[in-house]
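As written, the chains take the letters A, B, C and D, and residue 1 is the first residue of each chain.
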Amino acid sequence: MKNILLIYIEIFITIQTITGQDLDRRIVFPDVKDYKTLKCDFHIHTVFSDGLVWPSIRVDEAVRDGLDAIALTEHIEYQPHLEDIPNPDRNRSYEIAKQAAKAHGLIVVHGTEITRKLPPGHANAIFVTDVNKIHVDDAEASYQAARDQGAFIFWNHPNWMAQQKDGVPVLTDFHKKLINNDLLHGIEVVNDLTFSAEALQLASENGLTAIGTSDIHGLIDYQYALSEGGHRPVMLVFAKERTEAAIKEALFAGRTVSWFKDLLVGNEKTLRVLVDASIQTKNKGYIGDTEILQLELKNISDAIFYLNNISPYTFYDQGEIIVLKPQSSILLKILSTKGDRTSVPLTFSILNAIHGLQQELSINLDLN
Amino acid sequence: MKNILLIYIEIFITIQTITGQDLDRRIVFPDVKDYKTLKCDFHIHTVFSDGLVWPSIRVDEAVRDGLDAIALTEHIEYQPHLEDIPNPDRNRSYEIAKQAAKAHGLIVVHGTEITRKLPPGHANAIFVTDVNKIHVDDAEASYQAARDQGAFIFWNHPNWMAQQKDGVPVLTDFHKKLINNDLLHGIEVVNDLTFSAEALQLASENGLTAIGTSDIHGLIDYQYALSEGGHRPVMLVFAKERTEAAIKEALFAGRTVSWFKDLLVGNEKTLRVLVDASIQTKNKGYIGDTEILQLELKNISDAIFYLNNISPYTFYDQGEIIVLKPQSSILLKILSTKGDRTSVPLTFSILNAIHGLQQELSINLDLN
Amino acid sequence: MKNILLIYIEIFITIQTITGQDLDRRIVFPDVKDYKTLKCDFHIHTVFSDGLVWPSIRVDEAVRDGLDAIALTEHIEYQPHLEDIPNPDRNRSYEIAKQAAKAHGLIVVHGTEITRKLPPGHANAIFVTDVNKIHVDDAEASYQAARDQGAFIFWNHPNWMAQQKDGVPVLTDFHKKLINNDLLHGIEVVNDLTFSAEALQLASENGLTAIGTSDIHGLIDYQYALSEGGHRPVMLVFAKERTEAAIKEALFAGRTVSWFKDLLVGNEKTLRVLVDASIQTKNKGYIGDTEILQLELKNISDAIFYLNNISPYTFYDQGEIIVLKPQSSILLKILSTKGDRTSVPLTFSILNAIHGLQQELSINLDLN
Amino acid sequence: MKNILLIYIEIFITIQTITGQDLDRRIVFPDVKDYKTLKCDFHIHTVFSDGLVWPSIRVDEAVRDGLDAIALTEHIEYQPHLEDIPNPDRNRSYEIAKQAAKAHGLIVVHGTEITRKLPPGHANAIFVTDVNKIHVDDAEASYQAARDQGAFIFWNHPNWMAQQKDGVPVLTDFHKKLINNDLLHGIEVVNDLTFSAEALQLASENGLTAIGTSDIHGLIDYQYALSEGGHRPVMLVFAKERTEAAIKEALFAGRTVSWFKDLLVGNEKTLRVLVDASIQTKNKGYIGDTEILQLELKNISDAIFYLNNISPYTFYDQGEIIVLKPQSSILLKILSTKGDRTSVPLTFSILNAIHGLQQELSINLDLN
């Protein structure tokens, strides 16, 4: 069976070399040490708030994208289709999706979007049991009602230019109070077509989980230009098993990495765990009788890696930047004279693996 | 006419977005300030030494690649096909190519490869008039005979693992003497499938012109995997006009940049001139009433650019690394609060524009 | 301006040669003699009956596909989303789409689907003014109510295996009565993923207009595998101008061709008009001093043409079947000895241009 | 192992669906009943006559194309490179290729081209032992010298417009004499970019083997536009085993099919054997409780098949022409009412499988 998998991988490498994109849109990341890697999107709209599709389409899109879990998070307070969809029950979207998801094994997490001006702005509450009970006037009371149901709550698009003209999120006293009262657990660092390094910094400094979502209203295929090789934003959650409970535990524990365009965004520890699982190295020995050492790097994930060599070694056929494409391999040929035959320590900065404001992950590659 | 060109460019952007490769294999780089950008390959073999094609095939390949000038540089001393091609006239290869090139306007420079052990190793002499006269026993005498014909002489693949086991070129006293005696003017920093940062450093420190060549023996299409999006190594020469004489002047003046895989290799000044011509910027103003400033970057060259942001600004939908694909545009959305509305200085390191050992070009983008 | 268009066409030919598909999904057919060629889809569902998207998504899809006109045709009687969308007004779908279409110049025709068992089965009434008035118990009365509003009425998927186990449509006395009473004007020969040669035969024998529709319920992109080069079924309507009134006139006059996968389906006259406009011929003269005559065939439509040579001439580099790809040209080299230098009559059967049961269009190509 | 092969095939089907071309240029046809299917090209030039590459490049091209056997067939009498390659030994080309082919298991057949005006025109003699002995003045004597070495001799490009202005081959008395004297055994029906139905007819009427060759002088990749999905002309030889002797036996026995662009050209019997092996059918039963029968057609060859339905059955989602792409499957949904549940005989004309002037292969598909 291993051989078959190898063949698959080799062929897809060939395909991607030529087309530059994955023929199969299912998003693939390897499991990491001790955890399953679950692909999640917990910010999604349908016709039950201001989205433009029936919940079952969201299930179809998620299944095609290979997701493990989604949450439909309709605005409680913003209901532009009210004339045609007057049903006051705010749980309908979840119920329909849940039913549609059954055949596919897709996990549907019950959620909603609490929609207010800044502060506190918009927030998603997921792992709730009855959205109708969260539909109350006072913002904090609304958060509390969600929390009473056991919710994980995260601040949506804190960088949103419609609410924050300079795109720089500001953590107000209101937010700090929410955090202190166990009413705010995460913050979006990726939302739809945007990424906020400042939000990531806030997450790091305030113990919030870094969240990435699509916030899709129209169609995934159009919004993220899938036909041109794009992909939806997706949050990788490192969970003990593939269950809703395990996802919830992982979110509270902060074990996430968001994949947005070419970027991987998370805290330093989760990023490192993901990269360790994604990039496999193999010492291929010296070329003939030369002092040129060959190291194979194999990327078994759908992410690209931009590696910037910051060690004193140079390469026989590369500059300092090494581009390791999705699901592909490269062979580094290292001019090893400055090391010795037993130790050639290489250090790379991964320019697209970000864990804070101007902070990128550094890795040491194991040559043994 | 301008409009037609714009349409062409837009369509090719679309194509490249989707296929990730250029449908038309002709290599395109813009002219630079004060100079024509001529695409050259001055290290090529045919059946007249140890190559495997007739000279006219080399012309065909060069025309398809959109080159301006080539030199066929047969080994004077290494003639494995001698049994079948006993003609002692070492100018035949040039003569046949010259004839074949006429119809295409391709410049064919007369050249040869002087083939010795290290030191001095292999060297190409180009702009010669009669290769037969260079066919002498003593290495230095051979260089002198070429120089007497007005040759520009460069050291081939100084990093070649067959001659230098660690891949690190060493400038011997012999080489220094050649340089002092005006018998060595350039050094290959790119040869076939290899790049040598150390050779580039030697070029910089010893006033040698940095040279990039294919050293092709088989077929260009196979050796550089053109069907998978590859390209032959090519040296851009910045010449006053599109003539052999102007190319010669430019080579002696050191005005070259070599394009190898994703790398642009040259001295700092020529690299900067090329990048200035290749990346066009346009201030697209603030988004609505926000503080988010839009800057369009348009790459009108076939090179990719890996830009690493080293200024204090962040972006609304990008991390620190900006990948500017060949013949394409991107729109940077700059969180500008740290600047003021009249000045938002951005600085990037271009990770794949190399002018020395671990030295990459830095650029400041003009927002006006 | 002509030159720009030519460039566009040439480039897209190149693209299609390589990728085998159109990068731009907009469907392109030329206008024909005396008429505009309008691309229409008059059988579409949304959440307002058993479809899965909001009406504005249908507008978005149609605009991306380059359509000129659509009709949303919700089932009057079949309302599976009634629990959530209880609004009894059957015109809502049309009203929302109409509003969304304004910005794009897309024509939205008011329509509905009258949904009954066989006979008469399902039927669409389009060009209506108030669907609510058509919502009556008796089938014929329903048709009459639609007709009273000026409707054009067509029989949907008469081949539907769910209603007709052998896939062969049967024209019952009920249908004949409807026809005689001016209550049935068209019949679907193409519906979704099916084509019915028998329905086309019925159209021809009973003076019904041949109709082709998508009958889309989910997403166009998924249902017709657009990422693999598929296209939605589309009905070309040959109208005096690009207005709703002109479309209506053309439908009653039977001027349609439906494009389904590789097939063009219509009556012989409309098919011929379309082919005449789509395939341009150019006599390129004899090759040198030979008797081999060159004829360029240029296809300026998105349809492929499978031409089967049924004249006594043979070709220098082709067999009897000539495949003329979308938006591309081929050069026929005709061994002309059997003709004379002024007349070389070629006759082709177009295997994918169908106007009845086992009846394909034949064309004579004009060499002058 | 079978499973791995199946996976390969499935993946390549997917690739071809999307890209419309084979990523791997190796030409693939299945073995047929009782015979190996060997891919051969027995008309090739190098620098040793008027070709433009060294013989080893021909080996490289053939290996990349997945060929089993080639013959380098230099003109004995036409030697434009004589000034540089004066070696009078006409066997050199063969010897060099033979040596280069060893590592790849490619069979190199010894051959040559006897180059005369019409009649008899050009002819290839293959399976010879010493070309120098064939280098005699008299044409017939030259043929006889080749035959004395055991040669299989075929008439090259009898349709060549440079020798035959109307492109129609004429079998002269000279040719008839050659045939009668066992000095002419085959005739090219495919040469380079041309196909001759008339030559095929001559083959059929005169007991000559139908031959297809590239007659390549430049590069295979350029001449047949491989980057745009083209392929070199190739002759399939149905041999008892993969040996030179078996190929020779098969050629004298007339067991060939030539693959040229989209065409398969041969005699009726060999064509049928190839099609039987290439198209696999599978009865997939009736859809649900309907009368619509499903038949899977699976094409395990690199040829496309244009099937024209000439039986009285129609299809639920197809017209009369069925395009079965290379290495892919389609599912026919047959309206079976006219048959009975045990017998639904389908007959197709394969429009691109040609065995004579306006004669195409007809096949009956087995539904059991």
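To be clear about the criterion, a residue touches a chain if its C-beta (ideal position, glycine included) is under 8 Å from a C-beta of that chain, and two chains touch if they have at least 3 such contacts.
This is a predicted model, so every value here is computed, not measured.
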item	value
Remotest chain, chain D as reference, centres from CA atoms	A
Between chain A and its twin chain B, rotation from the CA superposition, multiple of 5 degrees	180
Intercentroid distance (Cα basis), chain D paired with chain C, Å	39
Centroid distance [mean C-alpha coordinates] between chain C and chain A, Å	43
Multi-partner residues of chain B (at least 2 other chains)	18-19, 227
In the complex with chain B, residue positions of chain A that touch it	17-21, 159, 161, 165-168, 193-198, 227-229, 261-263, 265, 287-292, 306, 308, 314-321, 323, 333, 335-337, 351-352, 354, 357-358, 360
Chain C residues within the chain A interface of the complex	47-48, 51-54, 56-57, 60, 64, 81, 83-87, 92, 218-219, 221-222, 226-227
